[in-house]
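The following blocks contain the structures, represented as structure tokens.
Two complexes come next, and they have one chain in common, chain A, joined by chain B in the first and chain C in the second.
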Partner chain A sequence: MSHLLEVDDLKVSFHVSSGEIQALRGVSFHVNSGETLAVVGESGCGKSVTAQAIMGMIPSPQGRVKEGRILFKGQDLTKFNKKQFRSVRGSEIGMVFQDPMTSLNPTMKVGSQIDEVLVKNQKLSKKEAKQKTIELLKLVGISDASSRYSQYPHEFSGGMRQRVVIAIALACNPELIIADEPTTALDVTIQAQILELLKKLQKERNTSIMLITHDLGVVAEVADRVAIMYAGVVVESGRVEEIFENPKHPYTWGLLNSVPKLESSEKERLIPIEGSPPDLFAPPKGCPFAERCPFTMEVCLEHMPGKEVFSENHQARCWLNDPRAPKNEELIAAGRE
Partner chain B sequence: MSEYVLEVQEVKKHFKMGARKTVKSVDGISFAIRKGETLGLVGESGSGKSTLGRTIVGLYETTSGNVLFNGENTSNLNGKEKKELSRQMQMIFQDPTASLNPRMKVGDIIAEGIDAYKLLRGKERKERVIELLEKVGLHADHAKRFPHEFSGGQRQRIGIARALAVNPSFIVADEPISALDVSIQAQVINLLEDLQKEQELTYLFIAHDLAMVKHISDRIGVMYMGKLVELTTSETLFQDPLHPYTHALLSAIPVTEPKLRGTRERIMLSGDPPSPLNPPTGCPFRTRCPNAIEKCGEEMPKWKEIKEEHWVACHLF
Partner chain C sequence: MSYLIKRLFTMFVTLWIIVTLTFVIMHMIPGDPFATDAKSLPEEIVQNMREKYNLDKPLPTQYFLYLKDLVQLDLGPSIQSKSRDVNSLIADGFGLSALLGIQSLLIAIVVGIGLGVIAALNHNRLLDYVSMFIAIIGISVPSFILAPLLIKYFAVEWGLLPVAAWGTWSHSILPTIALAVSPIAIITRFVRASMIEILNQNFIKTAEAKGLHTWEIVIKHGLRNALIPVISFIGPLFAAVITGTFVIEKIFAIPGIGKYFVDSIFNRDYPVILGTTIFYSAILIITLFFIDLLYRVIDPRIKIASGGDS
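Entry: the complex of A and B
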């Protein structure tokens, strides 16, 4: 079966006065229809740039796709011009941003902002659009939709605004929704509501979701598969159970260890990942995580590890998994703990 | 001297919005913190936790009520005593970029307090800055650099070094890790824990990440609409919460592993918190509370200690 979205060896660079920032250095992953892929990583690892590349929104002329393909329903988006992107963006791929205040127009009524999408992309009349907008507002759980229609964004709370943004993303029934940290700006009770809403909508409409987040709790809650990014590459990917129960990359171990466990009653010291991510002006020759990894070997500093495949979905880029690596099971088990 | 470093008694902080409206950001809060303890404060945005923290350290004046530090009422102090008090109480802020002056060198930022209190000069001042930098895990030569040359986690370390420079005994940490990456958060939390042990610091730790608050706090207070609704040890709060809002808050935390998905019973709160300009009568939570009774609309429940070390404000108890 072919994938709905397939990103293949994507390389993106930004040219700034002080040199070239290699934001993406060969990113590959895919999204199947009807599933949720969580893309996880720290700030600067390239997760948002990946989303921008898929949406054709990389700021030019500084930013440029250097290599690789983005196949959406078999078409290569990297070859698209601005006009072609406009026909995909919004109607086939919807987008939900982190901060609902900045993604809505403060001087426009909420209803008109949704109408606009429907009139432009689906060629509805104004009257039809209004009717559909009110339906959409109801769908995303906004009560009293017809009076809310003519209010402005500042009259909505943060959670309600995010619901409006989701309504806009859903307006044209897209097959894929890219949600970039959709709940990061929200309180935990509101976060639970929004995640519930996304899950429900996905079930009803069979929409695929690419969820960008740094919150492993959110991943554990909603993801089907996970791609872990570090310094512009995907270092591990797999089904969510495989990632949480049998992680293969030391960075994944580190991430899982550094969050406190709610279930444990004793006070355990947290295990942080020491140091900070590498500078992408001059990315390291070998594995980008080698500098912070407790298990670094000589080869890690010299050569970028290839992909080791563990199951149909599960793969990781780490020399520890190479058949030639010293089999130090205890060491690896210790790291995983 | 009492066993408490800090006692907050019926503190209110109201802000006037125009001629007639008032926002009661902090509305009659009482609690006390012991020496060497960490008290966590949680609640949704707008619940008044930052305002409370800022009122305690004296960045805001109280509308009414008293803040007692080492048994002395902070509002009755003279100028010299006030200055000494503000040395004892320091604050760490959420956004390490906004709270560091971009035009000052890191060494001077850290020494700001030392200079203001004329504690050290010349060579001693320089040595103290280096000592502080190393204590928070940075290098001596970082003193000559500017804040923009550092990552978020490093900037937060600079903010911590600045707070420590004047040897405080009490620190209010207002969301000190929420702007940081997951792998960096643990570094900063470990640093705060080490410093607490070394220097017998007392913390008021404000955050919305419940798992982290549970990890670092001895006791936790839950705020809603300017009021403290529950306060108890962190273990009891998670195992045996009483207030319906605490129940809802805890049930909304995402699971930590995918296999636990669906095992946590979610109490979905309907709607949003009411507007602070127009709060409901009686208990502020009653409009969203699944267990509200008639009495809740009539009067605000009293703040009472139900069991030892377990305070709650709810008519059901």
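Entry: the complex of A and C
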């Protein structure tokens, strides 16, 4: 079965005056139609750059795709020129940004900002666009849509604005929506509403969602599959149950340990992952997590681990899973706890 | 509505303060209108002249007499240009100065915004450097150098345009260009800086993700936001430019009001100093008022009802 979106060994670098930042160092994952893939990782791991690469919005001329392919419906987006990208953006791939407070044009009526996509990509007349926009506003749960249509963003709350941003992304019925930390800037109750909305819309329209987040709570809530990124590579990916119940990479263990658990009655300390991610100016030649990993072996410092496949969907890049690795199950079990 | 009333009130207070300060400072300058003529004129005549212009009275009296006339919009007689009053000096000269000023400002706005946007879109690339080079030249070459150069080539050598003086519209072309260059440069720099900032905003990324063309993004999303800070600067520029410039009017022999600003101070022509200053201030105050109204049109986040401090 072919995937809706397939990112294959994607390498992206930024050239700055002090050298080359290797932001993505061979990222591979895929999104099937109708499913939600969560891309998880800490700040600077390359989540957003991946999204930018898919949208063709990597800041040029500093940044560029060095290697790899991004197959969207079988077409390689890395080969697209500006014009081809414009035909994909907004119509086939919609994007929801992190900060709803700044993602809308402050001097343009909210309705017009949605109209614009429809007029551009679906060649609707102004009048048809307005009608469809009002429907969209209702769809994303904005009451009194027809009077809201001619208001400005500053008259909307943060959650409302994010609904508008989602309406923009949805307007042309795209097959894929990339949501880059769509709930990070919102407070918790609003977060839940926005996630509910995304889930509901996805069900109704069979849209695929690539959800970028660093919040494992959000992942558990909405994702079908998860890709864990670290220092510009995907270190583990799998179905959400597999990742939460049977994680195979020490970084994933670390992430799971750093989330508060509801069932623990005692005052339990959260366990942070010590240290900080490697410098992407000069990434280590071995496993990028080796420096922070409690199970580092000699091989980890020298060689990048290959992919170990555990099931159809579940794979991880860690030497511990190599058949030659010492069977220190006890240690590993301890690490997971 | 209460905003407008409040605003009008402050405008008058501002103007009154300006009148008072100008009056005080003007009389602090040593010398008086008849200083140069004093030696050639008999004592009695000077005395008579001083009486005619109320200069023999104590300063507070002079001040109140002036205010009384001013309320009736009478700016008094000119001491230097006998038999003319300041009202007619301004009325005659202002039309020309304003025409020149408005022409050059329109050119400056169009060219300045154009160059600024081009520079911002090509940030740190060749076209940016070219635009900034033009802007630096425009700011650093003074108009008294540029104007003679324009005259030399366009009028004298190529004979395309009249050298100087005032007559047909073609007479206004060279002074308009000479007057526009520095505002072009300033507006270019402002628009560039503001546009670069706006183009880095998140909503520009949203617009990009909509699949819009670059020029659609710039015009529909960038420009309106980028112009908000620029407008506050265009206000004073407008007031400065339509009230004439001494240098340009002198070089092109244009009978505008620009020269009165300078001449009147040298001659201690008190009524003209006050008259031109008040006129300039009034224009500036009114322009700023309209700029504020314009802000409210361009930026929906500012509401008139909120009294102006939002």
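To be clear about the criterion, the second predicted complex is superposed on the first by the 337 of 337 C-alpha atoms of A that agree within 3 Å, B and C clash if a C-alpha of one lies under 4 Å from a C-alpha of the other, contacts with A are read in each partner's own complex, and residues count from 1 in each chain.
Heads up, the rule we're going with is that a contact is a pair of C-beta atoms (placed from the backbone, for glycine too) under 8 Å apart; a residue touches a chain by one contact, two chains touch by 3 or more.
What you see is a predicted model; the values in this text were computed from it and never measured.
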- request: Sticking to the clash and touch definitions up top, decide whether chain B and chain C on chain A clash or fit.
  value: fit
Task: In the overlay, answer first, second, both or neither for which of chain B and chain C A:Leu270 touches.
output: first
Query: Between chain B (first) and chain C (second), which does A:Ala192 come into contact with in this model arrangement: first, second, both, or neither?
result: first
Which superposed partner A:Asn121 touches (first chain B, second chain C, both, neither): second
Chain A residues touched by each partner, larger count belonging to chain B or chain C: B
Field: Vertex chain A; arms to chain B and chain C (CA centroids, nearest 10 degrees)
entry: 70
Message: A:Ser43 in the overlay: touching chain B, chain C, both, or neither? Say first, second, both or neither.
response: first
Field: Distance in angstrom between the closest Cα atoms of chain C and chain B, superposition on A
entry: 8
Residues of chain A contacting chain B in one complex and chain C in the other: none
Query: In their complex, what parts of chain C are in touch with chain A?
result: 201-203, 205-213, 216, 220-221, 224-225, 228, 298-301
- prompt: What does chain A use to touch chain C in their complex?
  reply: 55, 57, 85-91, 94-95, 97, 99, 102-108, 113, 116-117, 120-121, 152, 154, 165, 168-169
Task: Would you tell me which residues of chain B are touching chain A in their complex?
output: 44-45, 151-154, 181-187, 189-190, 193, 208, 210-212, 214-215, 235, 238, 248-249, 251-261, 266, 268-269, 272-273
Field: Residue numbers on chain A that touch chain B, as the complex places them
entry: 42-43, 157-160, 187-193, 195-196, 214-221, 223, 240-241, 244-245, 254-255, 257-263, 265, 267, 269-274, 276
